[in-house]
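Take a look at this one; I'll ask things after.
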Amino acid sequence: MKTFVLLFQCKDKKGIVARLSDFIFRQGGNIVDADQHSTDPSGGHFFIRLEFLVEDKHCDKNFLESGLVTIAGEFNAEYRIYDKDDILRMGIFVSRPDHCLFDLIYLWRSGELRVDIPFVISNYERHREFVQQYKIPFYFVPATREERKESELLAHAASSDFLVLARYMFLLSGDFLASYGKDIINIHHGFLPSFKGANPYKQALEKGVKVIGATAHFVTEKLDEGPIIAQAVEYVSHEDRLENLVRKGKNLEKRALASAVVSYVDYRIIKYKDKTIVF
Amino acid sequence: MKTFVLLFQCKDKKGIVARLSDFIFRQGGNIVDADQHSTDPSGGHFFIRLEFLVEDKHCDKNFLESGLVTIAGEFNAEYRIYDKDDILRMGIFVSRPDHCLFDLIYLWRSGELRVDIPFVISNYERHREFVQQYKIPFYFVPATREERKESELLAHAASSDFLVLARYMFLLSGDFLASYGKDIINIHHGFLPSFKGANPYKQALEKGVKVIGATAHFVTEKLDEGPIIAQAVEYVSHEDRLENLVRKGKNLEKRALASAVVSYVDYRIIKYKDKTIVF
Amino acid sequence: MKTFVLLFQCKDKKGIVARLSDFIFRQGGNIVDADQHSTDPSGGHFFIRLEFLVEDKHCDKNFLESGLVTIAGEFNAEYRIYDKDDILRMGIFVSRPDHCLFDLIYLWRSGELRVDIPFVISNYERHREFVQQYKIPFYFVPATREERKESELLAHAASSDFLVLARYMFLLSGDFLASYGKDIINIHHGFLPSFKGANPYKQALEKGVKVIGATAHFVTEKLDEGPIIAQAVEYVSHEDRLENLVRKGKNLEKRALASAVVSYVDYRIIKYKDKTIVF
Amino acid sequence: MKTFVLLFQCKDKKGIVARLSDFIFRQGGNIVDADQHSTDPSGGHFFIRLEFLVEDKHCDKNFLESGLVTIAGEFNAEYRIYDKDDILRMGIFVSRPDHCLFDLIYLWRSGELRVDIPFVISNYERHREFVQQYKIPFYFVPATREERKESELLAHAASSDFLVLARYMFLLSGDFLASYGKDIINIHHGFLPSFKGANPYKQALEKGVKVIGATAHFVTEKLDEGPIIAQAVEYVSHEDRLENLVRKGKNLEKRALASAVVSYVDYRIIKYKDKTIVF
């Protein structure tokens, strides 16, 4: 029994659901989860996520692709099909703050996050012991603002299917993004679009906001501007001094990042323009 | 251009989505919202809500029914089909506390809640002026615990498609429920299943809870035991004396009830056993 | 039995609490609520709110002032003393959107908001009927962006102790603020400091945020920049089209504004620099 | 420079704040945080937490006690005074689920939770490696429902100032509680008072609730009945199958327990009757 996930998007048109569900039925599949979204009920963009079980051992991803490519052609659509048995390899970049690293490792270890972790890269040597106890390769790459050592990072990153910047302090260049070519998820410790850049909690304190937040988003070339995947927020008051905002914020960062990564690994995210659909 | 909503449930089986979406496609319909749920991916109960647009003026509810009845037979399914142009008539029962009444009237008046209100019934005469200014019939039925005047209530209720008990203090009997025969939504001012019955905020205060809640649910014969539709919660502390719990609670009641009623009117709720699926 | 509230702030120094509580004790007062805040435990700015009961009928605000003025001199402090029996007069400015108006009137009518409402001013004539049924004077002031009729507004505003802009669409000038000279609370339908200015929900939709918010703040000359009093937030998703964001947002606006106004009327707010302490 | 925390409670009476703050002032202390609560403004029970700095090196806890004992006598009060430099020793009991253990260790390691951890006791041998890497003594005590080995537990517990049951599956007897004689904090994986006892998430699923919660409370002889310290809640829907409730619940448990323990260690909790004041 195999489980597949199909993500499919195109300009809205009649009959897409019928065509796709008929196709799945013909392969002997049973749809166990269907989520659909249209940007505009009277003719916008159409998105669907279909999760289905297939009993036939001969039905694999390639086999399904051969049929889907035809349907996609009919609707001028983009699609991706995933076999849920394939485990994604999640590379981690992290600087000194370790709460997100700790949390990701816990989620992975406890089976809540179904990934392999091919490596953890850090400019902070002291994370080595914690990481290596779980038999995860640890690479110390002492980047600085002037010398980010991107070619070294890139060489390591090659063994991953996607990257998580779990509080990584250096901006990755457009060249790096282009060469890596796969998805990168970042956690920003602020409620975007407010408080971009450095020290967002300090900015929040100075502004006197009554709510703080954290934002997980895809990385693009523009600092803290990529499509938002998940946000978490908490109420604060004048009593919360900076260290308290940071403490509460760490919680929010863990929650937003975990939520984003779990959705990603479960193939629930579709990027569309500068935004995301998270089914 | 007409919009229909189909709610469909049956034992899970291959091909249901294909069959339904094909049927809709053949009527010239375009699915604009699809939500599906299975209680168990490897064979449980299947639920779907399909919202679709049809351009053909000749395609009405009866026409669709004639096709759906066949499909339902194939899958041994239950279904309901709604024309979104049909406006439901929401009868309101209310005792002295008026915050939910006020809120429902506001939502109706502002167009956020697409219903007709055929009447407001109360055992509290003073709501008359507020209700009548909106040209809504008001019936004063001075029920007491001993004499609930259910036949009078029932006579009025006949002109409604469903009832909302917007803080109505009297228990409706099994006979009333059976005679009325349609859905009744109640707001309970406590976080069920804790704190059933009277004075839930006092119970919460005495227990020293740090969170309070309100619960909107379908009415069944058992007090505060029917299927839960929506709940709202808020953090409290030792500083919140009873009047403060009541004040915060009124907000929660409004939010939970509004959420439940809006979902109901948008045909997003399926009852299943003692629970609800709220798409 | 009279209840007073003292708000007191100065540079932090030893003995302030002792001095104030001794003073209150000598007047026969019993402190029933004490809240204190220091911006920095090792010497910053000190704030306190003391609520106390006095039985002596001869002890009034003026009598207390005469003692407090000496203490304030000793600590180079600012203070305000309030008799909780004095009811504040809350003037309301509102444009077409009526949800906050409706909510404030409800809170006032139900006794949850202890104010008098000397007037409602609107550039939207149709609010008249709703407002006048509660015997509240209604003034139609047909302001436009070019002609805001501030002298007319100012003449009416004179009968208020503070103003609430319950979704009022026109910017008040620095001259107006200076002439009025009292506090003005505004509700902004966005999560400040993000999304200032017009159409914040549209901005939020375009940015693809996963949380929306509303902000109640004091009005200053800079648009949407004054000290924040209260914020309310809610999670949203790609499923929330603009009308849904607006609907959810209206709830948030009501909650943030009600919270701010209740705190204000209970003398719980101290302005300090560009921020607020809300006890 | 030393920081002390005074917790003081008695029947409400005039002059308590004056008396205490005068005392602190005479010792050269500066109050940096004051929180006060009365159960009833017109004469109930009075609680205060005063945090103050003292520069004088000769002023220690014993010295302060000698003065406080007199004041407590005057008001027939109970009090406790703490030197914030004294680090509490937090013993941990844990069964197989390790998320709370993991979180407490992280908080301790990162300095967010200022405690010593004299031991971790578990009936699950496999936690040994994780615990010992932090040089924390680990004791494997293979308790069962029939043989809880309380004398062995008690012998180890002696080296702690309080205990945390971080998902410990065995009920501690009244004898154990009496012999240990100090505070014990438990995390219950349900929203008390609903869903006591075993499998609360299963109970929640069956009831069809739309919100789940976790509760940190002091342990008393009655199962899941002790004074509640902190609760955390999250919205759920029909889509959340049992494993999802468990996953979300683990987050809630971590949050509620961390919040309770941080408050405890900061001396912010006063027990009163069956409830808590958490300043």
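When the chains are written out, they are named A, B, C and D in that same order, and each has its own residue count from 1.
Keep in mind that, in the parts below, a residue touches a chain if its C-beta (ideal position, glycine included) is under 8 Å from a C-beta of that chain, and two chains touch if they have at least 3 such contacts.
Note that the structure is a prediction, hence the values are computed from the model and not measured.
K.L.:
By mean C-alpha coordinates, which chain is most distant from chain B?
P.N.:
It is D whose centre lies farthest from that of chain B.
K.L.:
When I count C-beta pairs in contact, which pair ends up with more: C-D or B-C?
P.N.:
C-D
K.L.:
How many angstrom lie between the centres of chain B and chain C, each centre taken as the mean Cα position?
P.N.:
36
K.L.:
Report the inter-centroid distance (CA atoms only) between chain B and chain D in whole Å.
P.N.:
The mean C-alpha positions of chain B and chain D differ by 41 Å.
K.L.:
What positions in chain D touch 2 or more of the other chains?
P.N.:
Touching at least two other chains: 37.
K.L.:
Can you list the residues on chain B that touch chain D in the complex?
P.N.:
Of all residues in chain B, those touching chain D are 37, 40, 191-195, 207-211, 213, 227-233, 235, 237-239, 241, 274-278.
K.L.:
Along chain A, where are the residues that touch chain B in the complex?
P.N.:
That would be residues 1, 3, 12-18, 21-22, 24-25, 28-38, 41-42, 48, 51, 53 of chain A.
K.L.:
In the complex formed with chain D, which residues of chain A make contact?
P.N.:
98-99, 102, 106, 110, 112, 129, 133, 247, 250-251, 255
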